[in-house]
Amino acid sequence: MLRVAIIGSSGYTGGELARLLCNHPEVSITAATSRQYDGKPLSEVYPHLRKRVDIICRNHSVEEIAALSDFVFCAVPHKTAMDIVPQLIEAGKKVVDLSADFRLQDISVYEKWYQKHNAPELVGMAAYGLPELYREKIRNARLVANPGCYVTAITLALAPLLQNGCIDISSIIADAKSGTSGAGRGAAVATLFCEVTDGFRAYKVGGNHRHIPEIEQNLSLVAGKPVTISFTPHLLPVSRGILSTIYADLIGDVDEAKLHRLYHEMYDDEFFMRILDHEQQPATQYVRGSNYCDIGLKIDSRTRRVVVTSAIDNIVKGASGQAVQNMNLMCGFAEETGLAQAPLFP
Amino acid sequence: MLRVAIIGSSGYTGGELARLLCNHPEVSITAATSRQYDGKPLSEVYPHLRKRVDIICRNHSVEEIAALSDFVFCAVPHKTAMDIVPQLIEAGKKVVDLSADFRLQDISVYEKWYQKHNAPELVGMAAYGLPELYREKIRNARLVANPGCYVTAITLALAPLLQNGCIDISSIIADAKSGTSGAGRGAAVATLFCEVTDGFRAYKVGGNHRHIPEIEQNLSLVAGKPVTISFTPHLLPVSRGILSTIYADLIGDVDEAKLHRLYHEMYDDEFFMRILDHEQQPATQYVRGSNYCDIGLKIDSRTRRVVVTSAIDNIVKGASGQAVQNMNLMCGFAEETGLAQAPLFP
Amino acid sequence: MLRVAIIGSSGYTGGELARLLCNHPEVSITAATSRQYDGKPLSEVYPHLRKRVDIICRNHSVEEIAALSDFVFCAVPHKTAMDIVPQLIEAGKKVVDLSADFRLQDISVYEKWYQKHNAPELVGMAAYGLPELYREKIRNARLVANPGCYVTAITLALAPLLQNGCIDISSIIADAKSGTSGAGRGAAVATLFCEVTDGFRAYKVGGNHRHIPEIEQNLSLVAGKPVTISFTPHLLPVSRGILSTIYADLIGDVDEAKLHRLYHEMYDDEFFMRILDHEQQPATQYVRGSNYCDIGLKIDSRTRRVVVTSAIDNIVKGASGQAVQNMNLMCGFAEETGLAQAPLFP
Amino acid sequence: MLRVAIIGSSGYTGGELARLLCNHPEVSITAATSRQYDGKPLSEVYPHLRKRVDIICRNHSVEEIAALSDFVFCAVPHKTAMDIVPQLIEAGKKVVDLSADFRLQDISVYEKWYQKHNAPELVGMAAYGLPELYREKIRNARLVANPGCYVTAITLALAPLLQNGCIDISSIIADAKSGTSGAGRGAAVATLFCEVTDGFRAYKVGGNHRHIPEIEQNLSLVAGKPVTISFTPHLLPVSRGILSTIYADLIGDVDEAKLHRLYHEMYDDEFFMRILDHEQQPATQYVRGSNYCDIGLKIDSRTRRVVVTSAIDNIVKGASGQAVQNMNLMCGFAEETGLAQAPLFP
């Protein structure tokens, strides 16, 4: 059994890692850190895990974590992550980091959107953890930078179009809507039940969300040239789920059938990708609790734009599920191990 | 007291008309029709109206409605409306029709998106019921075509930009999200609680929603030339509210301050328009139950696009509230009579 | 115009007072206090109030409040209230206090469930603000203790039975369910959207909720002898609303028709009470945003128990609406002034 | 591989059986019937099952079902079930029936609450499918009557108290609250999103719900004498989950510690039972999607009543999960096979 540590186990992505790993046949959770809940069973912090997870949260030092585990999920905020990860790598641990700290290859871009980087030497060795695009790199990596939730949904939705030169790369608009778990489990007025329920709003409008440089890094890599996008996130009154509606001007004389073929070519062998038929549309409730990414595709013939819609569960495929998928690759397990559950509906 | 009839009182817009009119000091509801609930008090169909509304639903003939009322709200589906409205107009009644039947000035466009038109002669005499744009016409009209809910939100959001030539009219993308009351009160699997709650999806993707020609008619009129848009509606797990996120390429060297000035110039005297400061964004929960339209405005300097967001309550400003606003104009009452309640939050 | 102050304007009950008072024809809000939002417009704290309320929040001293207003709503937590109210009364202001500080006539009971009382001399002069039971006292009061939300729902539901000796007073069980706004607007993990939505739980089970002594004080007064009850509160995934399901053993040979008569006798002249027919049941969505209390009544003939169900909006009839109703009585306005809006559904 | 049929696969319990069985290592779904969706893939009826379930819905005859399967889940409404099950039993199939048709041992009671019984001879041979109470009978049964959802929650909550004579059996009051999936997937106004969301109500108040005789049959068997209860169901604005709050007068001098011991004695070896500590309370969101039953226990010392709270997922432990648990027993698989997933939170 692989001994696994979760650093930051009391956040939503930490709790979700525990939920997924407790049914994973190849691993055992041997450490779960939490400053706030030091000494408390994780199943008191997350009562849904009673009888499934019996680890006690501890405020472990990095040395203790290294001693207790072979593999580490780092589920703490950016900045905190880059203070911890270098020691773990040095100690020979394999690490999946769920923060933004090792995702942006250009340190100056990172420092513009976040803050000074403490461990730039690790950025180069980190594989970007989107298995559908970078599977081989991930297999051989010791450090994986797990992608952002919005970034995953949008990159997977656009990759076939960009790879095949079907769209004008200056025309991309991604209108994305996320469930509230994306805001984390910190106490805050803005995410109280009464503030969110029965409501809807946009936030960080006008190109101000930190996922933008990460999305553009991905899209530019796939397209082979610099891509700039418009991106607007919104807050949905649901716990889980991201739906992205993406618009782009078509180049040349493509039709819907051809586009569908491109998506099927790229994704048909992927366990977690589901390309929908012409008349179907993804919905967040159909991927809830699962690692699937559902994609719908329509051409608006009046405006010659393609409209791609993609749905994921933001804390599974958008965070903890993808992290486990990466672990499976890094450790030689079958990629879907522990992740093959069907979504929960209704 | 103006004697008012509601045709189709058992739908959500019918019930909302009753809610708004029961507090209106100048009117009295003297007829409420319903085929399904003939003989039942409207306050049994809508128990929230107990002790506020005491009318009995009847399956009245058009003649009976004409005898019982001076003013008629027609809140039945398109097609049914155009079978009823001509008789009412002939009988000398003033009518606000909430269906699509008299909104599209070009009969061939109507017939392409809906079906054959039975009363084309009335289309020319109908005023389009968006008071912020067509107040004087409405004042003098005997028949008002009440706008669609999405259409209201998008037209009001774009009018200042189009009127002042600030945007490339071929670049408009409107990504709109509506509460489920927009789907009506008919029994249907797709709008059951368990199908909608904790979920989100797009529908009629690719330029297939019937509000498109109506939006384009409005925008073209304001712009003075034909406008074509991309429009995608989505279904929110909320009862009430539409939020539209609208993208367009800026023309020339405008900045956010200038755009804000244009919106304030156009809307500052409007009772129901609220233009938000630069750092604020509208949210459906802040207009819930009210006739307000809130508008936010940001420039994405990286892509030189403007992002306009607008929020309304789809069954108030998007339907019944706007219908009452139109009635107020048609009857010489102060425009906000019966509509000045603050929104309900939380 | 009566000059009105709201102390504690940034909580949900404070915001609701502002919503109700901004449409009240006899009053003007002349002070709104908030420590946290000192200097901010209340309409930034509560954006739904834009263009309806233009007061700026201030961290006023009690002296300033007294100078600025004739009538004061005190919407701060217990303990804080009894530090403020005495000065206001001394300054000749009329006060409705929404906290628990002046509700319990027996100081020792207060001190057992809360803490030491600083102003016991005021308790005797405070009228208990349930107009349906104590209208005359309220009319003449300078200080009104506004009832708790659960207390209002349960007292109104049981009063006719107790007054007429229909039930065994040792058998009462009140199972109550409240919307999350009852927990206030403070940042807390337990009331985050993701913790509450799509879920349900009981809390303070086993007779531990502080509303119990207040409920029992009310019921004992009506019954004319000491009443002890079982009470369990629950947290609903809704913003507003309390539904109470109350069970009691019937005494003697009463039938449903007779019980209905008793409720109609007691409540038919009450503007805000709605007694439902035998086959109808109240629902929180039918009182949303209104000051109504809806009551349903059934006898379970198999067990000879009566089941009374009552629904209110916890921040209207359960707090701010009832406070305004009390102000109307204390100031000689018609009791329903500013409170006659129909509930908002859906 | 056991060949399994689902009769009535398009209802919520049918879809949930498919979700659970598609991850069950010992079975294969070989037939899924639906009149309405004949010819459609089940994964179109339930898009969350795409790529997990590839069966096509068919309007099979009973003969065809018998030919295609070894084991049958009958997930159709009562009455329809008793028209089908006898043939399947005769054909040698093992059957779990999720309807009420074989649950009530006293045919006259069944006929009083439902309608005439067509297959009374099968009632005697049916095992009642509550494994925690009747495991051995179920192991040997060819027909299992799967319990009602409310019934499961209440029976498991009360069994230890009744078995040990701790409570006055005439004093039991069960106040239960269910998610909306319990109402099924049929199109109906009453369960539309807008009618249910942000609301709460009781229904079938006064002892009128058909689960009452089934609850009383269970409780009487455990107590060894006839038990009559008060039971009120409520409709929660959540998809999944039942929380029951149960009150009973204590007999004799028991304390909370003793009661906890009784629950632990009875349930500690049960995979799916979780008894909570004194200061914890169950919540529906902590059992969501799982087969767990969580139980909390408090004594109200002021009234000498015990308050037991229990939470289950109504379509897992309350229906399809328990059905799979029964299948596991009937077929000699480990009882938790396919059911060991952790609940989904948030």
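Think of it as A, B, C and D in the order they're written, each chain with its own count starting at 1.
Methods note: a contact is a pair of C-beta atoms (placed from the backbone, for glycine too) under 8 Å apart; a residue touches a chain by one contact, two chains touch by 3 or more.
All of these numbers come straight from a predicted model, not from anything done at the bench.
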item	value
A-D or A-B, whichever has more C-beta pairs in contact	A-B
Reference subunit B; chain at largest CA-centroid distance	D
Length of the line joining the C-alpha centres of subunit A and subunit B, rounded to whole Å	39
Subunit B and subunit D: spacing of chain centres that average the CA atoms, whole Å	45
Chain centre separation (subunit A, subunit D; CA means) in Å	36
Subunit B residues counted as touching two or more neighbouring chains	12, 181, 194-195, 197-198, 237-240, 283, 285-286, 288, 346
Subunit A-facing residues of subunit B, complex	173, 175, 177, 194-195, 197-203, 205-207, 212, 228-230, 232, 234, 236-241, 243, 245, 247, 281-286, 288, 296, 298-303, 305, 307, 309, 311, 346
Subunit D contact footprint on subunit B (complex, rising order)	12, 180-181, 185-189, 191-198, 237-239
Touch list for subunit D against partner subunit A, complex	12, 15, 19, 22-23, 46-53, 181, 197-198, 239-240, 274, 276, 280, 283, 285-290, 292, 294, 340-346
